[in-house]
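Encoded as structure tokens, the structure appears first; notes follow it.
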């Protein structure tokens, strides 16, 4: 049984990363994983959080939000409810951890790079697209700092990308779209570097507990997907070669 | 002395309105006035505000927000400050009034159309672009309701568009970009219908009070601009003719 | 057809401005436009907003709020809803712009004058009464600063007052009361200086778009009203001559 | 040693209660205790809190707030801090309890009367002035309900008024103004009925613990003051006899 | 008629104060008045409120909160309603005043001790248990500061404890449990020092106004109770003698 | 090199689960993992979230909060910042998913069980202790519903418990205390059922990416720990056998 859009189980959706999408940001992309579209910007700020002050080291943080009509049913804005969405909060913490894991904060120096991930259209996999695209925005913001001679070298130690996998109708699938995700009994998000080391693995089977074996299959397929994503990231950066 | 981008004083920036920009919304556009880019979606909701209940009449409301890095300096999100931005609030009230002015609410029936205007990139004139583009999203959402036989005819009585004008370096100019707007001594926003009637005129000269004569010149140039915008709206709708 | 209270179309309601209404404020008035009653106080603060720091220039800002039972139906307080009223926010921004337009901020020096406008009883025209009365409170606070030798001269360049006009039952009327305002097809608020220059013009015809001609008539009548208001402001200040 | 304003230790300040102060409210007064001025309105609402639903009994609640410049130093508004002032909250709970203590809620029926107490100018004793004046507003709102034949009799069982007393410079004084209150080692607020029964006694000696004897003296003087206040309330109501 | 739990009218419930209950706090107790259980911690902070800065004097403040299921019906958390509970706010202000009344702030120096009172299980009398137990936590935090040679002597001038009394079924009773409190026509909270001086007396008879005589009886019984509580505090501190 | 407290690498801390800790809750425990102490209560509510209405199925949700001084440095309360702590939000979502995974919601019927987890003292592993202890509170609340004949059988399909593991100084360790956790290069939280199936696996190596092999070792040791925890849960439930 083929997938909804005819993909093979271990096949990514079409991935597009358009650089320099916003004129003002130090780094910015429009990242698309199939119908999922996210604007990621990287903004350089001269301040650091209190726990970094005086350490000579910088910080990377992320914010994630969805436009009200990025989804099938309109979402009420956070500000109308006066509280940040719990899921969004969890996702932005994940994006932050993932991108920080490859930073050399001494090289960055005492400044913060803020990665804003605003979902324009959501069709599953927004957190993994945000990490994958956010990495390019982060890289471009770092290049900007090097170009401006504010720092001497790119403070990034490795590539990082993320993908989802899951079990749908008894099959292990890569990069679930919204409808697949809704029918998944288990879903997993994996964040990995170019050197094949894991940064974050989150597997959850609220509807159906899972075995170590199925976890391994989901990890295998995710590793394959992330290798492809990092290869795409590299092409995108080469193209630019600004 | 020519304008920054070589435009004539009474010339609009390049205007683009891309329909069906978001897959899920009943109506949606990406509207561009030069470098200003806004996603406008129209969402149909079966509920109406309390003051409309039982009247048989509908409502149109608008929300306006800017992505944090749509501007040269990053804006902190409303939710981080727990308060809606005062300027955004004023703008969304203006968008709502402007679009409601051309609605036939009896024909719409007891439902609300919410126009979300999310600024992706801001270079002046966001409120006027939001009204001009939001009108197309509203029209498409109404067409959707007619297509679905939920209502019998388009509940829109007239076209509506908006433009800014102002006095910069002693000259009256149309459709100010951000830098022109920052140097304007007076600025005006005008909302007008296809039949040439005014819906809203807001002129403000906080830095330099102005005369009736200069107000008239700004209105003249704005009327010319709005006629062009409505002509663009018509072409865009004809193209689509879905 | 005479007006509800027998006034002529171009006639103001009875205007009263009682100075030194609050014992503690540097400037304060009770301003009445007919049944509309507002307490305006001017408070001097030694701080300025961040964008003024180190410039040697001061600032004027305004806050506007209505007592819960200043209206026919009781309003829930902002704090109970944890959000500032959208209309109030728009009005306080207008009051601030209007009063700033006549200030010489270099003469004021790095300090802020806060104009608090608290509506005790509302019968239409609260924003124009607040600007007209707030100007006197501002003037008195400036006199206080001169008396205390904190500044050397009154940092006010011109008088400023505001009035509403509108179209009701096909007639152009000045200074609408609440019931007239509710029946107006178009309403306009005008802020003008003693030298006859405009600071702000806001005309809105949500229910019925309007022509340039009717806009001109409303402006004419408003200009007449503002001249009378400024004449009242002058008498009030002379009386005091403290 | 006479008091600041020449009063005797057991003498009230000049008390004024001006009825029908706000045109729209079912009951309203401007109450003055010396320089302390408060607008109290009583608004009738057809709803009751959840715990009263279906009981056939009504409710009385109070809200208390100070205009920003009712005090010597300007107060930031609650809405600017997004939190209700702790002291205000305590006071409005006291006003509510005090006024409820004399109500016959079966006679009132399932409706709520909201007492809004907005301090225009504060010179000590605002909570006691609010209770004393709020009682008259409540009485007038009840008369309104009887006049409109919504209820058959006034649902108030007794008069209630309140006053402060305290120890200042070793002397027991009645009705402290702000400066006396700031120098008091002990202060007490007493709420009492016309039949001489106590509703609330709050004595606090944060700066200097006190004895039973001094508490008794403060209570004695407060009882005397409350009897005078209730006598004033009666005259005020007779005057009106509308 | 004996009380619900067989106590005599002037008898305290079983009181337990377990010191050093939380490993990290400078002072901490679990205090139990019968089934009422509260964790009180005292945390030393090097900062003082703005009004203390540069005075050389310190401050004591308190926060009070109930676990959601400390009561018979689950309470929604404050953060879910975005507003602090009115009753909790009133109680924490009382706790703060009571503990400050026995402090020598010059000896404490410019630092703040925060008393957190978190109710684990509530059966009436939480505010009085919080004051009585909080005093021990405060004492232990002060001992900690002396032990660490941060201050030279315990900055506490007197013991302080608190108890409730009330009128239930026509009888005057001490230390009301929840069910008694619900049936009380009058209830009183008394805060007193070891030297027998009063710090705070709050008596309220919302449901039934009371006489001076019954107030005296309630005060008598409360004084007896507080003496016993202070005797318990002393034993508890001696035991520890760490 | 032994661990800080002399434990072996695969050894749990001392685990205590005290049932019926709070008198009012339908289920409640004090759970201790070494110095980590959490009060977990289970409260039955007759309402369900909107998406469950009319489905005949129930819901389980969780809330997690820390007392201000449960940690080495005092935390400001959420309500003082008007925003829920991001980490707490993430943890309560995990607790909810974990406990829901073993529920039979048809048997529970249209009611919600709320699990409140309030951390009294935190020394690492609070989320895993909350899940492990929360399960017992949930079980007791379900027994209560069966005892009261509100439901016919316990709607719980399996046992569930959780534990942390991690890599510290190059060694894989079970059930990290705070100091170990602070030094861990990778940490993992595992939620598992009695039948050995996984519900949630979260591994994060922000400071040091990790290999599949080390992930497998952490999972192995966690499985061993969870089996012991479920054995403890069973003894605890047998003891009670109320």
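The letters A, B, C, D, E and F name the chains in turn, as written, and every chain counts its residues from 1.
As a working rule, contacts are C-beta pairs under 8 Å (C-beta built on N, C-alpha and C of every residue); 3 or more make two chains touch, one makes a residue touch a chain.
Note that the structure is predicted; figures quoted are calculated from it, not measured.
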Legend entry - Neighbouring chains common to subunit B and subunit E, by label: none
Legend entry - Same or different residue numbers at the subunit C/subunit D copy interface, by half rule: same
Inset, instruction - Tell me which chain's centre, taken as the mean of its C-alpha atoms, is farthest from subunit F. - result: C
Legend entry - Approximate Å spacing (C-alpha centroids) for the pair subunit B, subunit D: 51
Legend entry - Where subunit A and subunit D are represented by their mean Cα positions, the distance between them in whole Å: 59
Legend entry - Where subunit E touches two or more other chains at once, by residue number: 82-84
Inset, instruction - Indicate which of the five shapes (line, ring, star, complete, other) describes how the chains touch one another. - result: ring
Inset, instruction - Spell out the part of subunit E that touches subunit D in their complex, as residue ranges. - result: 82-84, 86-87, 89-90, 93, 97, 100-101, 158, 192-193, 195, 197-207, 209-212, 215, 219
Legend entry - Contact set on subunit E toward subunit F in their complex: 22-25, 28, 35, 39, 41, 43, 45, 63, 65, 67-72, 74, 77-79, 82-84, 114, 116, 118, 120-121, 123
